[in-house]
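First comes the structure, then the notes that go with it.
Labels run A, B, C and D following the written order; every chain starts at residue 1.
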């Protein structure tokens, strides 16, 4: 419940960002006439950054960027993970082994360094960041889905369908897919927080778009401008707390979904 | 007698199923090792034996779920099809009822969908609802309409098994293979399901092959009994023959340990269920055979045959002593 | 039996390393058509200079030749020269390695030790007071990016209260010797270690808690209780050893994230280790450096995973016998 | 005559669940003499296992147990935790069902048996115990997964005997086993029980199994006892309609009345959260009348040492 409320709040922030702050406020020029690193006041609810931009605007628009990257990356990761997981689980023989090897490989590759390399080579726009994160984030989910498919294959009702004369197509469409769908959904809601954290890490390391800043990028600015030693809390606290909040929101919702879909976990 | 003897519905001849061991370097598992068996139209045949004797593998082979590595299976006079489409058509006629009804139905499907699944797989859309209703009502789920939209978890174990049987009956098969159909059910429900199976055979002429370790079940519903040991049928005959006057020492031992059967002295065989990767030479039962072990076989001068000659099924029993 | 299993794991690891090698080459030479474009000031170079540089960085010849040379050099520990400092990449890395080993080593040990303990206790008494406090705490830690945690430490414990230095590994102004040098070094480690430890504590304790909850359903715990064992012994001897098994693999896979965490943590505290080197390589688009760092962290994760696999073989007799 | 070893009075066991309290045992009274074997029969959900586990208070957190359980003159339900732990296994040990998951997979069986001995400072020897149950001494270094189902159950029995208890609670000890192995284990239990003068509560859903081991029988339905009496006589001529049905479910081979006539009971066992009013068996009972639905009936003597809870008796 808390998760859902928080989630709604952040989605609202992302959607309403243009209402509260104009996109142009994100440009460097927007802060030219404003005081730099100014504490919050009636005009700048969350103060200004080192080049005079309105931190409130940055945080509102940050919700948009962070959510966009987080969700798009999740879609990419879920699609890759589900397809590979389904194939690895349903196929037999060498196809399954190759899939498993690819999965193992991506599972042990250190994720952040890999994403850094990719972002360095491919570019830094939000969409590319999302593709990079999604493209490297799917291995765990694919492993889970494979395990579930393997277990579904052994279920009595799959054997019953086979004994009734069902084709592979019938079994996949009628029994395997409906069986893994809830897992895919629950898994997706747990990938979102991971992707958002990953994005904020990459942005913090300088791999983000300066003028459509995510929360991680805002934190990078705070770090680089010396806001920490200057006690400019309004600059770094709000984006940081937002990241924590959104990660918690998706984690809580994901856990709740998992509990709904997997009755075995019911009394956790 | 002028009655024409109809050919058997199912004829298994020299059937073998061998598969590779899970572990590398392991010996091949000879799960079914040369089985001859016929099932007549309309009869209930019980295939009994300990776990690991190959009875379930044989049942799966009969349904075309497990390819044979040797021998043949004939159904209604022609051998089992090997092609995908041939097998699909065959599976319309031979249906399986499982041990665990809860696991064998998809918890996400309604009872209607579960029962109709066979019709949908074989694209028989006509009168679907009427046929589903008829199958449910044959299986004692009445009025059938009341069950259409319910889900498996709302039903009791016995009702679920009825749904599984209805799902098989909806295709109007000529053979029903039931693998331990009541062993996971509560005692008080067991009789009801057995009554249902017996009724299908008596009222509708259904041929039923029931796989079980439970001799009481055979006594309750079977016309004939086949006893299986280590991949081979060691004794076969009418239920009265086998259960009242067993010939094979293995059948005798099996019967003697049925609780409440206090007419016989218990002959508890030592050791665990035998291992199908190491089938003994000669009579495969001799290492556990009370007759051989007590030295009686020696006295009768058949011990060398027990260790050296694989007995064949003659006069319904495969034993050197009985066939002496 | 056990040696054969360890051997098999080692072979798996070698295969993975080979895949990393190929992948690494693929990333840097195939995805990127013109690595030289990233070289600083490349537009001002003359043709002769270009050719010289291309040769120096091993970028000449066909892709296949480059690959063979790349593998050969890598196997000899030659990762080329940094675009930025033009020093050999290996020396750059070796200079900074001890700092990172110290930071990541201490943090990993602390995270695993504390995280597992918290998870065990929370799971054992689910819904109890400890669980009600520790689990939300773990979840909050899980949701906090470690660099934000580091920034908070730096701003409050470092800058505002002045309890700890805010960056570096030593105080360059004071020339400490002997024991005070060690104290100085330790003081510089406190905040980065705390950051990295707390940053991953949450996920470790949550993993262990879930694993405990799964184990608590097992029948052998009822057996242990029926035997008249104290609750503490039931937990210590029966629940924990079994609950550790799934956690070990998850922790091994999660190790890659600690390496990522080291990058941001070192960046926040200007701690001169491999993480800070990574950050600088990003800023300078220093490809040879980046390539070596990526290679290096992959190797670290793979080695850690083998280690975990071996540990698991010793913890779980079922794996040992190959069941 | 000495006092009975175990006296249970008006035992209620109620589990906590997300749907509300689940009354699994609803007022059971019984007694067990030293050296006697009581067969406790009932279907799944009848409360037989809950009752047995409650004897040693081996129930999940949040479960309430009321009534009294007196074991060797001491009230188990009133014991302090320390005393309860001392009583567990030393006075009453349990052989659990399945044996598949009741042994800890990561410890050698020697260690698991030794642990029981050490906890109660007993002086049994692991190898001797294993030999008594027919497992060679050298197998004590095995892990559970290296043993077959029957062997695991033997190990479980050896472990139960480790501290020389007076009472053995055997909860479906042969259910997961194959016919021949089941016979082996039943014989082992019967031998041990005779040699050691153990008292035993043997729980099962298969009434026929009890004929070889039990002196007395108690049949449970919906959390209550419906019939109790001498085993042999009861198996041959049960009086309560439920026991009759249960006994008939496993036919006597050779008995012509059951040949090609499986006997069953209409309906299903009741949900413990919605037990029918009056006699809980009345909806499935072939001889029930309107009176049965209205009147709750207690166990009463129908002949010496034989009690049943049925209005018609």
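Keep in mind that, in the parts below, a residue touches a chain if its C-beta (ideal position, glycine included) is under 8 Å from a C-beta of that chain, and two chains touch if they have at least 3 such contacts.
Bear in mind that the values here come from a model prediction, so they are computed numbers and not experimental data.
Student: What's the minimum number of touch steps needed to get from chain A to chain D?
Tutor: The fewest touching-chain steps linking chain A to chain D number 2.
Student: Roughly how far is chain B from chain D, going centre to centre by Cα mean, in whole Å?
Tutor: That pair's centroid distance is 32 Å.
Student: Can you work out the whole-Å distance between the CA centroids of chain B and chain C?
Tutor: 57
Student: What whole-number Å value describes the gap between the mean CA coordinates of chain A and chain C?
Tutor: Chain centres of chain A and chain C, defined by C-alpha means, are spaced 21 Å apart.
Student: Would you kindly tell me how far, in whole Å, the mean C-alpha position of chain D lies from that of chain C?
Tutor: That pair's centroid distance is 54 Å.
Student: Specify the contact topology among the chains shown, as one of line, ring, star, complete or other.
Tutor: Shape of the chain contacts: a ring, since each chain touches exactly two and the loop closes.
Student: Pull out all the chain pairs that touch, please.
Tutor: A-B, A-C, B-D, C-D
Student: Would you mind writing out the residues of chain D in touch with chain C in their complex?
Tutor: Residue list for chain D touching chain C: 56, 58, 85-90, 93-94, 96, 98, 101-108, 115-116, 119-120, 143, 145-146, 159.
Student: Would you pull the chain B residues touching chain A in the complex into a rising list?
Tutor: Those in contact with chain A are residues 63, 65, 87-92, 95-96, 98, 100, 102-106, 108, 117-118, 121-122, 164, 167-168, 171.
Student: For a test of understanding, state which residues of chain C touch chain D in their complex under the given definition.
Tutor: Touching chain D: residues 218-220, 222-230, 233, 237-238, 241-242, 245, 315-318, 321, 323 of chain C.
Student: Contact residues on chain B for chain D in the complex?
Tutor: Against chain D, the touching part of chain B is residues 50-51, 156-159, 186-195, 198, 213, 215-216, 219-221, 239, 243-244, 253-255, 257-263, 266, 268-270, 272-273.
Student: Any idea which chain A residues touch chain C in the complex?
Tutor: Counting only chain A, the residues touching chain C are 101, 104-105, 107-114, 116-118, 120-122, 140, 193, 197, 200-201, 204-207, 216, 219, 222-223, 228-229, 231, 233, 236, 240, 243-245, 247-248, 251-252, 268.
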